[in-house]
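Both of the next two complexes hold subunit A, though its partner changes from subunit B to subunit C.
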Partner chain A sequence: MILDLHSHSIVSDDGRAKVPNYCQWIRKKDLPLDGFVLTEHRKFDFDSDYSALATEFDLTILKASEVETEYGHVLVFGVTRALTEAFDFSDIGLPLAKVLEESERHGAVAVPCHPGRTRVGMCAHVESLGIPAGVSIVEVFNGGSRGTEDDAARALAETQGYRGIGGSDAHIVSHIGRCATAFPGAIGTEAELVEALQAGEFEAKSWKSKSSESSS
Partner chain B sequence: MEIEELRKQFLKLNFDTAEFRVDGDDIVGFSVACGETASRYTDASDPDFQAPPTFPARFHGRRMLPSDLPLEGKIPLDAGKAVMPQKAIRAGTKLVGKSYLNEIYEKTGRSGRMIFLVSRMELFDEAEDLACIVDSRMVVRERPAE
Partner chain C sequence: MTIASFDQVEFGDELPSFTPDTGLENVRRFAKAAQMMAKRFTDHEGARKEGLPGAMVPGVMSQAILTAMIHRWAPEAALVKIDTIFRAPVMVDEAHEVNGVVTDLDEETKTAEIDLTITNGAGETRVLGTATVRLP
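Right, the complex of A and B next:
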């Protein structure tokens, strides 16, 4: 099963894509995706219910968050109401250690995203802050990466022994599915996604260039 | 700039009120410039002639932000607009626009920390019905060294 693990809808302040349009685009372009995860910026979207859309388009549509820490941006999968009360998702200076610790305590998984990106990626802060404890997965393919940012992410993952995921970081419809993550089994809920991430059996995929890249 | 302090001091407080007269020629000119083809937006003789949904984005009050907002010399950049039409706006209508800061938030990106100010103008018609809401988003970028 292939899921785009990083996308934004109009629920995010800078998102310009409506979720039904992501679904239409995936089907119209026959993208090799079985679903996607909405990782809205600095919040968790408790209000939206995409189950009817998921059924209509036969896609898995899950919800997560992207928060901001001193090490850059971090995706949090398996967000619960209790987790949103454990720290302020809107705070742009969250300590990564707290995000990792609280995520684990609440059965969620925190994944630093686009680590190769200037200022908001983990690599930019490793020299001054050191390698953070507790990270086990990073995003190695990000659809919004420029130049060698994904190379830096993969190099970080390789040297630190992190597993790698992929996500498009789509903010507009046509960017969905640029990168994604392949899982061996079916995933239909946020809990199953967390379980699959914790199991560590997945492979990051990128379709940004004509030649498909992959990294485990 | 301390976000919490700014929120406490400035959110939801009216800082500007302005009146606008909706002119039929302006509606047609705006619609044609936007590439509209529906006659209800481009033809003043259409029985349903009205302003297209994005038309109210052209209205500006006397101020875009509160006069005492401490911008510390920084110039906010346009970061987009959102228009939420509430009812049809017809030619000849007089609208009253009331502006306030609806949201202040911060985020980080490739260029560093940014503060977003969302100025909301609520436009009321002569019946004092809410005709449209226009959000103007502005961003203030902090220099990396700050």
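Right, the complex of A and C next:
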């Protein structure tokens, strides 16, 4: 099963895509995606219900969050109401250690995203802050990466023994599915996604260049 | 092919892409017309002194380029809204490609939503956004 693990809708302040249009686009362009995860900035979208849309388009549509720490941005999968009360998702200076610790305590998984990016990626902060404890997965393919950002992400993952995921980081409809993550089994809920990430059996994929790339 | 009416547009349609003239002389002409003759737009060395890698295309010029693409595709379209996010500078004297694709249609209001991108030679998205256009 292939899921785009990083996307934004109009629920995010800089998102311009409506979720129905993501679904239409995936089917119209026959993208090799079975679904996507909405990782809205600095919040968890408790209000939206995409179950009817998921059924209509036969896609898995899950919800997660992208929060901001001193090491850059971090995706949090398996968000619960209790987790949103454990720390302030809107805080742009969250301690990564707290995000990792509380995520684990609440059965969620925290994944630093676009680590190769200037300012908002983990690599930029490792020299001054050191390698953080508790990270086991990072995003190695990001659809919005420029230059050698993904190379830096993969080098970090390789040297630290992290597993790698992929996500488009789409903010507009036509960018969905540029990168994604392949899992061996079916995933239909946020809990199943967390379980699959914890199992560590997945492979990051990128379709940004003409020839696709993979990285596990 | 140009679009004359809303009925001719389909979800997923691509607007004809093109490579805009983002050479220094052309950018200087735009900056002069817009009365924004800052060195970061008109002079590579001056831009470097401001900490940039070189002169960059003004944001409003990028928006104008995107808008011009829409009007070449649909000359009768009324631009209701254009909304751009500047992810990275569009560098002067570098080749860029401008693209648009229809990502939503509203039959009631006869409007189309268009994803817009400006990418450089490395395929990096420098500017992205959306436009809403009303068609006859």
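Here is the rule we use: the second predicted complex is superposed on the first by the 216 of 216 C-alpha atoms of A that agree within 3 Å, B and C clash if a C-alpha of one lies under 4 Å from a C-alpha of the other, contacts with A are read in each partner's own complex, and residues count from 1 in each chain.
The definition used in the following text is that a residue touches a chain if its C-beta (ideal position, glycine included) is under 8 Å from a C-beta of that chain, and two chains touch if they have at least 3 such contacts.
These figures come from a predicted structure and were not determined experimentally.
Participant: Return first, second, both or neither, reflecting whether A:172 touches subunit B, subunit C, both chains, or no partner chain.
Facilitator: Once the two structures are laid over each other on A, A:172 reaches subunit C alone.
Participant: Taking the superposition as given, does A:139 touch the first partner, subunit B, the second, subunit C, both, or neither?
Facilitator: neither
Participant: After lining up the shared chain so the two structures overlap, which partner does A:4 touch, if you call subunit B first and subunit C second: first, second, both or neither?
Facilitator: neither
Participant: What is the contact status of A:92 with respect to subunit B (first) and subunit C (second): first, second, both, or neither?
Facilitator: After superposing on A, A:92 lies in contact with subunit B but is clear of subunit C.
Participant: Just subunit B (first), just subunit C (second), both, or neither: which does A:102 touch?
Facilitator: After superposing on A, A:102 lies clear of both subunit B and subunit C.
Participant: Comparing subunit B against subunit C, which has contacts with more of the residues in subunit A?
Facilitator: C
Participant: Considering only the touch criterion stated at the top, classify A:34 as touching first (subunit B), second (subunit C), both, or neither.
Facilitator: In the superposed model, A:34 contacts neither subunit B nor subunit C.
Participant: Which partner does A:66 contact after superposing on A: first (subunit B), second (subunit C), both, neither?
Facilitator: neither
Participant: Once the two structures are superposed, pull the subunit A residues common to the subunit B and subunit C interfaces.
Facilitator: none
Participant: Looking at the complex, which residues from subunit A come into contact with subunit B?
Facilitator: Counting only subunit A, the residues touching subunit B are 13, 41-42, 68, 72-73, 90, 92, 117-120.
Participant: Contact residues on subunit B for subunit A in the complex?
Facilitator: Against subunit A, the touching part of subunit B is residues 105-113, 116, 137, 144.
Participant: Of all residues in subunit C, which touch subunit A in the complex?
Facilitator: Listed in rising order, the residues of subunit C that touch subunit A are 11-12, 83, 85, 87-88, 101, 103-104, 113, 115-117, 122-125, 128-130.
Participant: List the residues on subunit A that touch subunit C in their complex, please.
Facilitator: Contacts found on subunit A: 14, 16-18, 21, 24-25, 28-29, 144, 146-147, 171-175, 208-209.
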